[in-house]
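So that you can tell them apart, the chains are marked A, B, C, D, E and F in the order they are listed, and the count of residues begins at 1 in each.
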Amino acid sequence: MNNVRMDNLSWVEYERRVQSGAVVFLPIGATEQHGPHLPLGTDALLASAISEDVAREIHGIVAPALAYGYKSQPKCGGGQHFCGTTSVDGATLIAMVRDAVREFHRHGVKRLVLVIGHYENQWFVTEGIDLALRDIGPDAGLQVMRLEHWEFLQPQTIERIFPDGFPGIALEHAAVIETSMMLHYHPQLVALDRIPAHGPAEFPVYDLYPTRTEWVPASGVLSSALGASAQKGQWLVGDVIGGIVQAVRFEFALGEV
Amino acid sequence: MNNVRMDNLSWVEYERRVQSGAVVFLPIGATEQHGPHLPLGTDALLASAISEDVAREIHGIVAPALAYGYKSQPKCGGGQHFCGTTSVDGATLIAMVRDAVREFHRHGVKRLVLVIGHYENQWFVTEGIDLALRDIGPDAGLQVMRLEHWEFLQPQTIERIFPDGFPGIALEHAAVIETSMMLHYHPQLVALDRIPAHGPAEFPVYDLYPTRTEWVPASGVLSSALGASAQKGQWLVGDVIGGIVQAVRFEFALGEV
Amino acid sequence: MNNVRMDNLSWVEYERRVQSGAVVFLPIGATEQHGPHLPLGTDALLASAISEDVAREIHGIVAPALAYGYKSQPKCGGGQHFCGTTSVDGATLIAMVRDAVREFHRHGVKRLVLVIGHYENQWFVTEGIDLALRDIGPDAGLQVMRLEHWEFLQPQTIERIFPDGFPGIALEHAAVIETSMMLHYHPQLVALDRIPAHGPAEFPVYDLYPTRTEWVPASGVLSSALGASAQKGQWLVGDVIGGIVQAVRFEFALGEV
Amino acid sequence: MNNVRMDNLSWVEYERRVQSGAVVFLPIGATEQHGPHLPLGTDALLASAISEDVAREIHGIVAPALAYGYKSQPKCGGGQHFCGTTSVDGATLIAMVRDAVREFHRHGVKRLVLVIGHYENQWFVTEGIDLALRDIGPDAGLQVMRLEHWEFLQPQTIERIFPDGFPGIALEHAAVIETSMMLHYHPQLVALDRIPAHGPAEFPVYDLYPTRTEWVPASGVLSSALGASAQKGQWLVGDVIGGIVQAVRFEFALGEV
Amino acid sequence: MNNVRMDNLSWVEYERRVQSGAVVFLPIGATEQHGPHLPLGTDALLASAISEDVAREIHGIVAPALAYGYKSQPKCGGGQHFCGTTSVDGATLIAMVRDAVREFHRHGVKRLVLVIGHYENQWFVTEGIDLALRDIGPDAGLQVMRLEHWEFLQPQTIERIFPDGFPGIALEHAAVIETSMMLHYHPQLVALDRIPAHGPAEFPVYDLYPTRTEWVPASGVLSSALGASAQKGQWLVGDVIGGIVQAVRFEFALGEV
Amino acid sequence: MNNVRMDNLSWVEYERRVQSGAVVFLPIGATEQHGPHLPLGTDALLASAISEDVAREIHGIVAPALAYGYKSQPKCGGGQHFCGTTSVDGATLIAMVRDAVREFHRHGVKRLVLVIGHYENQWFVTEGIDLALRDIGPDAGLQVMRLEHWEFLQPQTIERIFPDGFPGIALEHAAVIETSMMLHYHPQLVALDRIPAHGPAEFPVYDLYPTRTEWVPASGVLSSALGASAQKGQWLVGDVIGGIVQAVRFEFALGEV
């Protein structure tokens, strides 16, 4: 039994922990193409693994991930024309988050962290939180943190991993960072020999609809994952775990637990 | 790597299998109290495990479960007053299913099975399917099967397990059937020593709102799980797996694969 | 003037009765095929007639029926492919019930009974009630009972009517029970000579979409109504009326009025 | 059996008539205060009765009325502060109409008439029709007529009934016209001795929210119904029936049937 | 700088004025064909200009207009088949108004006037207000006035402008009244030489869907604008400005400012 | 008359231009605090002015701006606690965009550009476009470009304006870039003497809800606008206009017009 996973706890144990002030984490991922070498579940798997690592350090609880995210966009996820990418409408994601936040509030949770693992989710998650807080009223006593885990990467780590220059987080879809993190957490799900070798995708500053699918490499990888390693994954995950633990402790005034 | 889990497959592998006619299974569970001895994730865990067993037999694929279900009702799940039960509005579940079905259709999936593991989900899932089929049009070529896994239990198995009479599926929340199935699939998540000993709940034929919480045992268990065993779980799961495999093969005209 | 029908009362009279504590009944039916021998309005007609009989016993008020219900399903109503069946989306029925409950609360109604006459309505009505109660807040003082009228049938009545065995309520669409009740309440609307003679429909335990219309008898009748009679209707209705009156008196602490 | 009422017909008979080109009428009323002398169901009762009279002349069919309408406004219905007035949100009425129109189209109905009996319904009904036609596509072959029955009153009839000047249709809520029509159709539901004697309400040209309830007579009657009679009702109804029959025959190219 | 336009004010200045009790005006127009001689923005331009004139007299503030209105209807705006007419669904307009009213309430606005410049908007705006007031609660202290500006025209002005008889406000789309008002406010946007000369459109008392476009003059003008002049515009606008100023002062108890 | 503004054109002229292939621009702004020195309408004013400049170069048409945007966030717009900021729910903005895109398609527009002037709008606009394209179908022939105007700024211009280093676009709310652009387009709306002198705001990488308003400078300015000038505005606007013109010509294959 993994005792930070909410779905592994009985309600009695969950209630006991919530009443003693446990922070609850909700990973919000996607089911989205991640090239020929990473699995469709990458975003949810990483957001869940990171949430569990953080939760273990601060006696938190990790709720079941939202496994379907907002529609993949060409510039950050390849786009909706890929087979396997399974996305929801904005209204659906907003509703899922709204309902979940409202329910955690009903449980008595005071400190909730939404851990986003899919770039496209951010604004719909934000709206879901806002609507839930409107529902429960201004004095409900629930504090919600929303974060994208890659935002906690340190500049020095990025420099160490990309000594020849960082192509930018926007192109890091199925590339070195995600692949390294997956090699750290789920090496058996990474097909190193299937990493495509092509250079980074180039996009204009605007978007066109219907999607210009020719802008996106056929592999779905936006910049190459060659050079990814479990060691780099460890460094990256270290930044993220450390950063989130610190943020949660600081903002939610948790002592060292 | 679990090669029936969609979230473990690359999009390239997923596409290959879909194009060769793989049946896709979508487990639809809940996060809901299941007494002091079963975990909150029971419904999603069972729907997923059953889906994976079926998929293994027919070269299918199991999509990530919907882990949050429709609101728990006193008579079949204990009700929404329990801490830990984390439910969504009807409209949210409808939207999730509608979006998911529409996406599987876009992938080229022709045969989709929605495996419900939470009694309260049924009608909202039905509506989600109906709206998705309306969206994609009458000649889209997608066939969807919707099932509740416990419906495949055989009368002789029920008699074998309940020689003194079956209290009815309605009261089988966190009771012998679910507990036995969990002992079969996830024994480490079952706290046998915490099974409450009280007799079955009794409900009138109508419902009252706001919920009469006094109708529901404080444990959340609707009839006792005493007597549950992994052996019984194996019998039960055997019925379900066998029944679904047969139904899918028959309706979707799959040869023996 | 039928002085239990809300639509026959002036607002002044209605207000007077509500203020003196009258229970309000809202019948929720359907417009749905009921074979060649029963009218399309059967579900709303029966729910209304039963509500009126109950209301007469306890000085209640019957609001105008919701005459359009959730989409007919093959196994319990024949399905949406029949001409004449006129159904609404789940969201529409939820909204109708939500608005209605909210309005009765505004009137000062304290005890409201939703009398369902169409199997498919149950879950959407439940959601409508839940959302209305969320709107009006937890301390609003409104109690809502939701019931399906056939749930009040007594086992001994079923045995008396089906001495050779009861095919089950699931197949009782346009069959002996509904036909007998209609012969009791609206004999002029029953075409006894058009009752089809075929045996009961057989369905698997799962559902398929698009609907396998070949599973459903072309008549729309799921098991034969032969043997229906006004006498049986009286017995059946007697159970239902008696049961509802007793339930309402008990739960809402009404003295004998 | 009333053979123009859809809820009295079997689906077989309904289908036969629809296939032979029958015009279907959907009355859309309200449950709304109509002063101390008229019942809450007035709008639905009149819309239904008129629809049935028209249908009888042209072999049409009358579907069950929508009995709950859009929120009552002070200037035309007294407003939402009256007990008994039971209204729905705009979105709910839109959805009801959208669903109903879509269903009649599925039945094969080619000519549908929405008969509005409640002033406040008009725009939401219009939107419901528009959305349904968007759903079914531009070449669906369904023609929909939307009408407010009082629009068919002839000037000479108005002059005959109001020789001292007509206060205007806006103030005709629960006044001479509606009361006379009810005396024609449902005299037993009219309490002539309870008609208030006060003069007409006066309203500014703008509206204020929250409603200035002091603008509305406490009786709910916007101008006096004194002088109403069954004879006048017959004249009024004659105009309406005649006008609708003529309009339907003309627009839908029905011969004299 | 136009110091009654909210979009020209800094938030600091806006806040200062709101706190000192300024009335806020929200013009609600449309983008709709107005014949060959008036611009598509006529409804929003007039509602804004009128709002600004009123605001100048009473130290009010004019918020940015809602420039897209509810769908144009044949009888009052020509209908949705015209190129250039750009309309929103009813739900969209309801939502816009609901959100805006809620926001003005958050600002501390106590007196809000919604100035409608497009006939078709009225009921959806009414619903938006109602839902916003439901959201903010009954004791929020916000008063909202909703008005259609043409309702403030005085009978004597109408007689002066239409000495041969007034065709009725219903046909005044892109006709003498609107054209004269535009000549008063925006003469450079009026192409007097392109005013069509045809007589007024004639409509039956009912509506048909899909729209009978042949009922509507091809020009989009429902009755001729010949005879329009800036002088008449000044008279008309004078009525409207004077009427609104008086109504606002009276209802909102403003002294002469 | 400004002959690129849609609201200044008659429908006849608009239709003529659309049929000859004119590109239509829809500015999407906000009503949002922009510090004590810029007006609340800044985002809509800039998006409109830029759109008009671009349209003039390529014979395009500018539709009326959407003047209300998605909710202001602390890190990019200061947040929703400011008076004057007037925002809409995500669903409302999605619906506005969906309806507008659908209508331009109906007009026969083939090339539509959505010009976003408010950072928070991006994802809801994206969803609105996606839903509209779903509505009109994959082969509708409409191409939509979505852009945020500041994305067209050239690195060398940024360096020229920020020789001591660029604080980043995220903090450029009511700062040098926006203020300079406003000095270029609307100098009379800029209160140079009210520019606050404080240094840039600092934010963590995560967000908290309810908003930590203490993170945001009380002025609403996220980094100082000191140093803004009309000259800089001209440079900035030059980049944007030039970039958009080039993008539109390139993607939409317009010759030099």
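We adopt the following convention: contacts are C-beta pairs under 8 Å (C-beta built on N, C-alpha and C of every residue); 3 or more make two chains touch, one makes a residue touch a chain.
Since we're looking at a predicted model, the values are computed, not measured.
Traced through touching neighbours, the fewest hops from subunit A to subunit F number 1. The interface holding more C-beta pairs in contact, when C-D is weighed against D-E, is C-D. At the interface between subunit E and subunit F, over half of the residue numbers appear on both sides, which makes the contact a same-residue one. In terms of their C-alpha centroids, the spacing between subunit B and subunit C amounts to 29 Å. The centroid of the Cα atoms in subunit B and the matching centroid in subunit F are 48 Å apart. One finds 55 Å separating the Cα centroids of subunit A and subunit D. In subunit F, 89, 91 are the positions where the chain touches two or more neighbouring chains simultaneously.
Chain contacts in this assembly form a single closed ring in which each chain touches exactly two others.
Residue ranges of subunit B in contact with subunit C, taken from their complex: 70-71, 73, 89-91, 94, 120, 122-124, 126-127, 129-131, 133, 138, 143-148, 151-152, 204-210, 243, 247, 251.
Residues 1, 5-12, 14-15, 18, 31, 33-41, 44-45, 63-68, 80, 82-89, 91-92, 95-96, 99-100, 103-104, 106-108, 188-189, 191, 194, 220 of subunit C are the ones that touch subunit D when the two sit in their complex.
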